[in-house]
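In what follows, subunit A forms one complex with subunit B and a second complex with subunit C.
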Partner chain A sequence: MKKIWSWGALVFGLLYFTLPLIGMTNFSLKMRRGEYSFDAYQKVFADPRFQETFTYSVMQALFTIIFGVLLVVPTAYWVRLKLPRLRPVIEFITLLPLVIPAIVIVFGYIRLYNTSSWLPLTGSLTGTNILLMFGYATLALPYMYRAVDTGLRTIDVATLTEAAQSLGAGWATILAKIILPNVLVAVLSGAFLTFAIVIGEFTMAALLNRPAFGPYMQLLGANRAYEPAALAVIAFGITWGCLGLIQLVSRFQKSAPPKA
Partner chain B sequence: MSFLSLTSIKKSFGPVQVVHDFNMNIEKGEFVSFLGPSGCGKTTVLRMIAGFETPTSGKIVINGKDQNALKPNQRNIGMVFQAYALFPNMNVHDNVAFGLKVAGTDKSEIDARVKQMLGLIKLEHLADRFPYQLSGGQQQRVALARAIAVKPQVLLLDEPLSALDAKIRVSLREEIRQIQQQLGITTVFVTHDQEEALSISDRIVVMNAGRADQIGTPFEIYNTPSTRFVASFVGTLSIIEGKVADPAAGAVTIGNQQIALKDPISGMKGGDSISLALRPEAGSIAEGAKGDTALAGEVVSTSFLGSVIRTRLRVGGDVISFDMFNNPGVAPPVSGDNVTLRFAAKDLLVIRE
Partner chain C sequence: MSSAKPDASPPARRLPLHWLGILPFAAFVTLFLLLPTMKIVVGAFQTPDGSFTLDNIRGLFTPSILAAYWISIKISIASALLGCLIGFAMASAIVFGGLPKGIRGPLLTFSGVASNFAGVPLAFAFLATLGPVGIVTVFLRSNFGLDLRMLGFNLLSFWGLTVTYLFFQIPLMILIITPALDGLKREWREAAEILGATGLQYWRMVAFPILLPSLLGTLALLFANAFGAVATAIALTGSSLSIVPILLFAQIRGDVLGNPHLGYALAFGMIVVTGIANAIYIWLRSRSERWLK
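Now for the complex of A and B:
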C-alpha cells in the first residue's frame, strides 16, 4: 500500500516537471502548419540579435568566471588559513545575494555608480559592462564560494601551505601552483553554475540596458509565438548542459584519489 | 658559536605559556631529538625555528644570522611533517623539484638534483607516480627528498614516523639517520617515542611542559636521568618511593624492607621521603643472581616481548619492572609468585627532582 503511494508521488512529480517541458518542446516544433519542423529554431538561430546577445552573454559569463575565481579562491583560502573563526560570517555574507533581490542590487549599483557619482561606471559602455559583470559575480557568489570552500576542505590547506613556504614559495606561487590546481574541479563546477546563471539573467542586464541574452528572450517572448518556445528549449538545454558538465567533472574527481 | 642556537625562547598563546625559557645550542651536522609527551611544546619550538610561529621573546640564530625578522620562505629550512604533506597535484618528480623551481634553478640542474635525491631514497622508479599511488613510507621518503633537495641549512622533522606502522618506522628511521650522516645536515627531530630518540640521535632534549628537562647524549639521558620526569619517560625506569632511615649509612626503608644505597645520602635527614629509580635491565630474580641488594615482592604480571620478558613486581607501594632474557629452558614467573629481585646498589639512582 505504502509503495503505491510513493510510486504515485513520483509519477505525479515527474509529470509536474515534464509535462510543461514536453508541451513547450512540442509547441516549438509546430511552426509549420500540420507537421513537425525545426522552423522556429532556424528562425532563432538566424536572428542576428540572437547571435549578438548570446555572444555578449557568453563573454560576460567568461569574464564573470575569471573575476569570480580571482576573488573567491584567494578569499576562501585566506579565510580557511588565517581566519577560521570568521568562516561563518563570510559564509553568511556570500549567501546574501540569495535573499537580496537582484533588482535591489542593481538599483544600488545605479545609485552608487551613476554619471554624477565619484565612480561614474554607467557613464561608458565599458564601465556598464564591468558593472554588470560585478553584478553577475555577486549573484554567482553563493555558488562559487561554496564550491571552492568545499574543494578546499578536501586538502590540508595549512600544512600544504607550510610545506610550500619552507621550500621558499611566496603567496602567489602557493595559490597558483598548490591551491588552485587542487581545487580546480570545484572551481569548474562553480564556473558552470556561474555560466548558467549569467546566460539566463534578466533583471540586471535589462536595467543596465545591455544587450544580453535574458532581455532578448523576454523581448522575443512578448512579440512572437513559436520562437520563444524554441528559445526556451535552447536555454534549458544550455543550463542542463552545464549541470551535466558539473556531474562529469565531479565524476572525474571521484576517479581521482581520496587525499591521504 | 654553534650553528643553530635558541636562546631564552618563550612562547605564549594568549594567556597560556607553552614554552618556558628554552635554551639549546646545536652544532653543524648534529642530529638532535626533542623528546617528550604530547602537548609539551616540541612542535611549537620546531615551528618557531621554521618561522611559522614567532617567539614571544628570545632569539633564534642560524649560522650567525638572527632569524627573527625572516619569513618562513626566507629561512631555507627543510621541513618534514607527520602527515607527509606532499602536493597532491604533483607527481614525485615535481614534488621533489618544487623548491628548486621556486628558487629558479636551471631545468637540467633540477633534473639532475631530483634524480640524485630519488636515488638517495631509492625511489627512482616511482618518479612519475602521484602521492596517492604511494604507501605511507614511500610518501614520507619523498617528503624527505623534497625537503633536502634545496640543501636546507637545517632539517626539521615533526614526528615523521608516527603515522607509519612499526616495521617501516624502524627501517625508515635508520634510513633518515643514514642520509643525514651522509649529507651532514644539521637536523632536529621531534618524537614522543623514547626508543626512536635513543636509537638515532647525537643528542636528546627531553622536554616536559614547555621546558628542557635534560639535554644529553642518549647514553647520558638513559643512564643518568637528572629528573624524575626524565627517569620515568626515558627508558622504562621504575620509580620506588622510600623513606630515609639513616642518611650517613645510605639506608632507605621501602615498605617494610631496608636496603643500603652505594653512597651516604646528602642533604636529607631520617624520615624524609626519597625517590629511587631502577632500570629494567638492572635486576634479576634468577637463582644465584648477582647483586648486593635484594628486595622481595610479588609478581603482578609478565609480558613476553620476544627476546626479553618484562615482569612487574609489587614491592611496598610501588611496582618495579624488570626484564630478563628469554630462556626456552626456564618458564617465566606467573602473577602471584613471591620472588626476590637482586641488583647492584650502584644501579639504584636517587632522583632529586
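Now for the complex of A and C:
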C-alpha cells in the first residue's frame, strides 16, 4: 500500500518533470517540416548575436567568480578565525539577496549610480559592465558564502593558521597556500553554481541594457518559433553540466584520503 | 565534526585592527546590497524634490496596482503550496517509501539542476509543452479531442504561471525537506509503535509537529522565490499578465505609471512582502532546528 503511494508520487513527479524536457527537445528538432533535424541549433549557433551574447555572459560569469572568490574566501576565513561573534550577522547579510528580489536591487543600482550621482557607474560602458558584475556577485553571494563557510567548517582553521604562522608565513601565503587548497572543492562548487546563475540571468542585464545571453534569449523567444526551444535545451545542458561538475568535484574529495 | 572554536580567544578587544579584515566585504555589501535597497525604501517615502511624503504608498492602493499585487500573491501562494505538497510527497517517497535505493541520488541531483533551471529557458520549455502547439496540447487534441484552450487552460494565466513555477518550486522543496525527513529518528517511530500508535497517529502526533516549522518555513521561502521571479514571467507572457515584477520591470524601463516615485513604492511593496515571508521562514527555521539536532 505504502509502496503504491510512493511509486505514484514518484511517477507523477517524473511525468511532470520529463514532459517539458521532452517537449522542448522535440520542438527544437522540428524546424524542418515533416522530419527531425538540427536546423534550429544550426541557426542558433550561426547567429553572431548568439556568439556575442554568450561570450559576454561567459566573461561576466568568470569575472564574477574571480571577484566572488577573492571577496568571500578571505572574509569567511577571517570571520571564523578572528570574529566568530560576527558570524550570525555576516550570515544574515549574505542571505539578504534571497529576500530582496533582484529586480529591486538593480532598480536601486540604476537610481544610485546614474550619471548624475557621486559614483556614475552607468555613465560608461566599462562602468556598467563592472556594475553588472557586482550585481551578479551579489546574487551569487548566498551560495558562494555558504559553500565556502561549510568548507571551512571541516578544517581546523585556527591550528592551520598557527602552524603556518610559526613557520613564518604571512597572511597572503596562508590564504593562498593553506586555506584555499583546503576549501577548493567548496570554492569550485560555489563557482559552478555562480556560473549557472550568471549565464542565463535576465533581469539585471536587461535593465542595465547589457548584451547578455539572458536578454538575447528573451528577444529571440518573442520573435522566433523553434530557436527558443533549441536555446532552452542548450541552457538546460549548461545547468546540468555545472551541477554535474559540482557532484564530480565533491565525489573527488570524498575519495581522496581523509585529511590528518 | 571538528570543532574549530578558538578556545583561548585572542585579545580581540585590544586590537581594533581585526575589524579591517572584513572591510572589503563590508564595503561591498554596503555599496551594492544595502545602500541600493535603502535608496528604494527611502525613495518610496519621498517626493521627486526630496521631501517626505506618503503619497507614493497611497498611490499603490489603486485598483490596477492592487490587482497586480493580488495576482502575484495568489500565484506565489498557489505555487508554494503545491510545490510543498508535491515536493513533500516525492521526498517522503524516496526517504520512507521503500523505493529502490538507486533512485534517491539521481532524484536529488536532478532537483539541484531543476531548481536552478529557471528564468527564460524554463518559459520556452513550457511553451513547447503546454503552449498552443506544445507537445501535450497537440497530443491531447489529436488523440482525445481535448482542447486545453476550450477547457479554459491558458499558459499565459494564473494557472499557467503556477504550473510553470512548480518546475523550480518542487525541486527546491525536495532539496530542503529531504534532510529534515532524514532527521526524523527511527527511535521516535519505534517508541510510538510500542505505545500502540498507528502509522497515521505517528504522523499526526509525532512527525508532523516536528516537521511543521520546517514545512511552514519552506513554504515561506518558496513564496518569496515565486514572488520575485521576473524572467520566466516576462518570457512566458510578454507583458500581457500584469503581475508586480512585470509591472515594476516596465516601470523601470519606461515609467509606465507616470510617476517615477511610484516605482520606488512598487519595489518597496515587494521588499515588504518577501521580507515578511522570509522573516517567518527564519523564525520558524530556528525553531525547527532545535528538534533535528
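We take it that the second predicted complex is superposed on the first by the 259 of 260 C-alpha atoms of A that agree within 3 Å, B and C clash if a C-alpha of one lies under 4 Å from a C-alpha of the other, contacts with A are read in each partner's own complex, and residues count from 1 in each chain.
Basically, a residue touches a chain if its C-beta (ideal position, glycine included) is under 8 Å from a C-beta of that chain, and two chains touch if they have at least 3 such contacts.
Since the structure is predicted, the reported quantities are computational estimates derived from the model, not experimental observations.
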Using the superposition on subunit A, tell me whether subunit B and subunit C clash or fit. fit
According to the stated criteria, A:156 is in contact with first (subunit B), second (subunit C), both, or neither; which is it? both
Look at A:178 in the shared chain and tell me whether it touches subunit B only, subunit C only, both, or neither; answer first, second, both or neither. first
One more residue to check, A:44. First (subunit B), second (subunit C), both or neither? neither
Mind working out whether A:164 is in touch with subunit B, subunit C, both or neither, as first, second, both or neither? first
Hey, is it subunit B or subunit C that touches more of subunit A? C
With subunit A's C-alpha centre as vertex, what's the angle to subunit B and subunit C, nearest 10 degrees? 100
Thinking of the overlay built on chain A, is A:191 touched by subunit B (first), by subunit C (second), by both, or by neither? neither
Mind working out whether A:148 is in touch with subunit B, subunit C, both or neither, as first, second, both or neither? neither
Where does A:140 make contact in the superposed view: on subunit B (first), on subunit C (second), on both, or on neither? neither
One more residue to check, A:212. First (subunit B), second (subunit C), both or neither? neither
Shortest Cα gap between subunit B and subunit C in the overlay, whole Å, is 6
Subunit A positions within both the subunit B interface and the subunit C interface are 155-156
In the complex with subunit B, residue positions of subunit A that touch it: 155-156, 159-160, 162-170, 173, 177-178, 181-182, 256-260
Quick check: in the complex, which residue numbers of subunit C touch subunit A? 1-2, 4-6, 10, 12, 18-19, 21-22, 24-25, 28-29, 31-40, 43, 86, 89-90, 92-94, 96-99, 103, 107, 109-110, 112-114, 116-117, 119-130, 134-136, 166-167, 170, 221, 224, 227-228, 230-231, 234-235, 238, 245, 248-249, 252-253, 263, 267, 270-271, 274-275, 278
Sites on subunit A touched by subunit C in the complex: 2-3, 5-7, 9-10, 12-13, 16-17, 19-24, 26-28, 71-72, 74-75, 78-84, 86, 90, 93-94, 96-112, 134-135, 137-138, 141, 152-158, 193, 196-197, 200-203, 206-207, 214, 217-218, 221-222, 228-229, 231-232, 235-236, 239-240, 242-244, 246-247
Can you check the complex and tell me which residues of subunit B touch subunit A? 50-52, 71-79, 81, 83-89, 98-99, 102-103, 130-133, 136, 139, 143, 146-147, 150
